[in-house]
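Here is the structure we will look at.
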Amino acid sequence: MIVDKCKSKLLSTKNVSKNFGGVLAVDNVSIEVHENKITGLIGPNGAGKTTLFNLITGLTKPSSGEFFLLGKKYSPFKIHKVVEKGIARTFQNIRLFNNMSVLENVMVGRHVKTNFFSMGIFSSLFRITTYNNCENKQKEICIRILEKVGLLEKKDLMSSNLSYGDQRRLEIARALACEPKILALDEPAAGMNPTEKIKLKKLIKELLFEKVTILIIEHDVKLMSDLCDHIYVMDRGKIISSGKPTDIKNDKKVIKAYLGGTSK
Amino acid sequence: MLIEPKLFKNRKFLIKSLLVVLVFLPFIVELFGNAWVRILAFSLLYIMLALGLNIVIGFAGLLDLGYVAFYAVGAYLFALLSSPHLIENFTHLQLLFPAGFDFPSWTLLFLGAIVAGFFGLLLGFPVLRLRGDYLAIVTLGFGEIIRIFLNNLNTPINLTNGPQGIGSIQPLLLFSIDFSKSLELFNISISSLQLHYYLFLVLTCFIVLVSNRLEKSRLGRAWIAVREDETAAKASGIDTTRVKLWAFVLGASFGGVSGSLFASFQGFISPESFILMESIVIVSMVVLGGMGNVYGVVLGAVLLYAIPEILRLVAKPSQEFILGYELIPAEALRMLVFGVALVTIMLFRPEGLFPKNK
Amino acid sequence: MEIFTQQLLNGIVLGSVYAMVAVGYTMVYGILQLINFAHGEVLMVGAMLGLSFVTFVSVLYPSLPAAFILVGAISVAAVACPILSATIERIAYKPLRKAPRLAPLITAIGVSIILQTLAMIIWGANPKVFPDLLPTNTFLIGGAIIAPKQLLILFVAFFSMVLLIFLVNKTTLGRAMRAVSESPSNASLLGISVDSVIRITFMLGAILAGVAGVLVALNYNFVHFTMGFLLGLKAFTAAVLGGIGNIAGAVLGGLLLGVIESLGAGYIGDFTNGFLGSHYQDIFSFVILIIVLLFKPTGILGEKIADRA
């Protein structure tokens, strides 16, 4: 069994690559996500950030490389198994369950934390006390999560009726419901106005305070510099720079990638 | 907050009055003839079928076009285990059961559900990862394969008696009531047809209850999540394959029980009752009622069963009255109603009669 | 060996019919990801109209040579069926282009039922005889017997495929069709009228299906309002087998399916020691469909589906 010794390293990838019929979308990428820290992934469009996310969370199969969670090797081949192991994500283009209320969306996230016996078919059919208790407990947990993200008053609204910013926060709430060890956010601030971005930053900092580890892709370099403890910069599938936000800002390679020349 | 208790009381009253109507209905309807009681009983049977399919299509969003296969499995299982057919054709069975099969009805009904559920598992396993339209065609193929086997498994060994079907199916014997004879209760004579109606009514209410409970459960939420956005559902930790399999298995078992009830009710079954059109009819009921809406599907089933049946009874005489001859045969009219219903619902009201507005 | 050649030849004839119909399914699915359930019924209508034409003309002009009448019947089908198909597309499918995937599928089933029922009402519920309009003397090719009407099928299928492939690859219209089948949104940005291309796609498929309908009616001397349904399903299987969206795939799949079915029906008795007879022939295509979708869902030549924006 391959074990990684560093205790605070929650997630790491080693030499991960993804080849899309000749195009190397992710090229030999090794990153580390440390416990209770915010790790950022930035880079120009098409750099491979979302692909890397998809590789880590099981949406895409890697062409090569290894993945480690809590020191143990894992194969991110089934999306729901990745969630079971402790990584929950949000999507760049918001994927909510439109015909469900806000609360129900979050309740879906509890699926992985409830089991078949207390809440399975037979118990739900006969509505035995254990089932009712469990269901109520889950509701309470979800309500607390909604409170945390600031959506409590809107809990019975249809998710499709929420504002854009609220929908993003709902998606985060749903991911939090999975009680993940790592919360992976794919461009959570995309399309937000400055006020909403400030609220988002506040939320993420609060989550950090509650011992959630965060991996985040974003374009807003200022937002990332304020938030992240460690940033990886990707360009054309490779990691071209990594370090603290202040170091990244002055890295010539990074400046070149953003200003001079396009990727892909 | 003041409005709520009033609505609640209204609803209870509505349900109570509905139940009263349902209890007295067969007696009222029998005044018009036995055929109408039969229509009531079959309406309930179709409601059960539609609710079963509602789990697959309505809750989980999987378009199953071969649902009639599970109906057939339940029916043939019941028929084979409660008619003289197998014993007449297989001598070693004759030795084992010299007095014929005599399995208790509850066992057979239960078996119908289990075996049909098993077929659901068998079908679901390979087929659930296909995308929507392919899933539809493959399930259609499965339904046809079952029908073709039922139609042809009379040589070299006579398992299903082919197109001639299986008859002399023993009637239900439940709660010490023989359902093939009328029952004397408090000086009222309840005919066999009416007995079946009441049995179906009880079972239908049970299935409605089960559907409601399932819908509002952890599994139900998972189904709706899968239906809305399968990738997001997976990313929320749902094992979508397992969840879809459950939908298939449960839906199939409802179909199986309905099939067993059908076999004993009619006393005779043949592959003709399990053609593709039947699957399409049941799909129409679910679609008309509003996929996923339990009460909508109940209404959809009643409408789409009763209206064509009524048409069948009045089409011929009314056409002959107006036109002098039967221009459109009743069967064609029935099919036309379904085809037009499907197209118009999809074009004008795809959410069905009762859209799920919350 | 003679049985083998005979069944093989029969299979190729059958497969040519499947190919002609499969092309229609594959072109529509490639652009719209819609299984046009009504396509088989278009074939049936072609056969019915062909029969009506033949009956009508042979009564009015009994001295006309049979071959002429046949050409007339085929022409009638080739004109009427595309009109029918375009009408269906306009009324039942076009409004649902943005709807969730289940909706057009259910509508297509509804249309299929309506067409079958109308045919039952108009032409009656009983099968009708389609007369032999070609000389019935047979030829011997490599030990197998073949009739002129089967040769006609091979002929027509071959030439219509060649014409279609020429159309798709060498003409402006064909280029537009290929553009739309790759990406409707991009094509419309380039000024191509996606609606027109879709309509024409339906119509081309319908011409082939209608003509195939008359040929099938001639081949089996038989028309019935249900004749299109099963044939349509099998043709769709052929399209999937060859690679959906791929015209060459439809042709290959059609021929392959025809041969497998024919050989299978001939030999299944031997294979299963008499347990399964040839009435299980229809199951072959379903079984093949399931196997293909489970193990190689993109088909033999790979699928070509538009990216649905």
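To keep things simple, chains are lettered A, B and C as they appear, and every chain counts its residues starting from 1.
By our rule, contacts are C-beta pairs under 8 Å (C-beta built on N, C-alpha and C of every residue); 3 or more make two chains touch, one makes a residue touch a chain.
Fair warning: this is a prediction, and the values are worked out from it, not measured in the lab.
Participant: Considering only which chains touch which, label the overall pattern as line, ring, star, complete or other.
Facilitator: If you draw each chain as a dot and join those that touch, you get an open line.
Participant: Centre-to-centre on C-alpha atoms, which chain is most distant from chain A?
Facilitator: Computed centres place C farthest from chain A.
Participant: Distance-wise, how many Å sit between the C-alpha centres of chain A and chain C, to the nearest whole number?
Facilitator: That gives a centre separation of 49 Å.
Participant: Please report how many Å separate the Cα centroid of chain A from that of chain B, as a whole number.
Facilitator: 44
Participant: Roughly how many whole angstrom separate the Cα centroids of chain B and chain C?
Facilitator: Chain centres of chain B and chain C, defined by C-alpha means, are spaced 34 Å apart.
Participant: For chain A, what residues touch not just one other chain but two or more?
Facilitator: none
Participant: Would you tell me which residues of chain B are touching chain A in their complex?
Facilitator: Against chain A, the touching part of chain B is residues 210, 213-214, 217-222, 224-225, 228-229, 231-240, 246, 250, 356, 358.
Participant: Which chain A residues qualify as touching chain B in the complex?
Facilitator: It is residues 57-59, 78-80, 83-84, 88-89, 91, 95-101, 104, 107-109, 111-114, 119-121, 124-125, 127, 135, 158, 174-175, 177-178 of chain A that touch chain B.
Participant: Name, in rising order, each residue of chain C that touches chain B in their complex.
Facilitator: Those in contact with chain B are residues 33-35, 92, 95-96, 99, 101-107, 109-114, 116-118, 120-121, 125, 233, 236, 240, 274-277, 279-280, 282-283, 285-287, 289-290, 293-294, 297.
Participant: Could you please specify the touching residues of chain B with respect to chain C in the complex?
Facilitator: Touching chain C: residues 57, 61, 63, 65, 126-127, 130, 132-134, 136-138, 140-142, 144-145, 148, 151-152, 155-156, 277, 280, 283, 287, 327-329, 332, 335-336, 338-343, 346-347, 350 of chain B.
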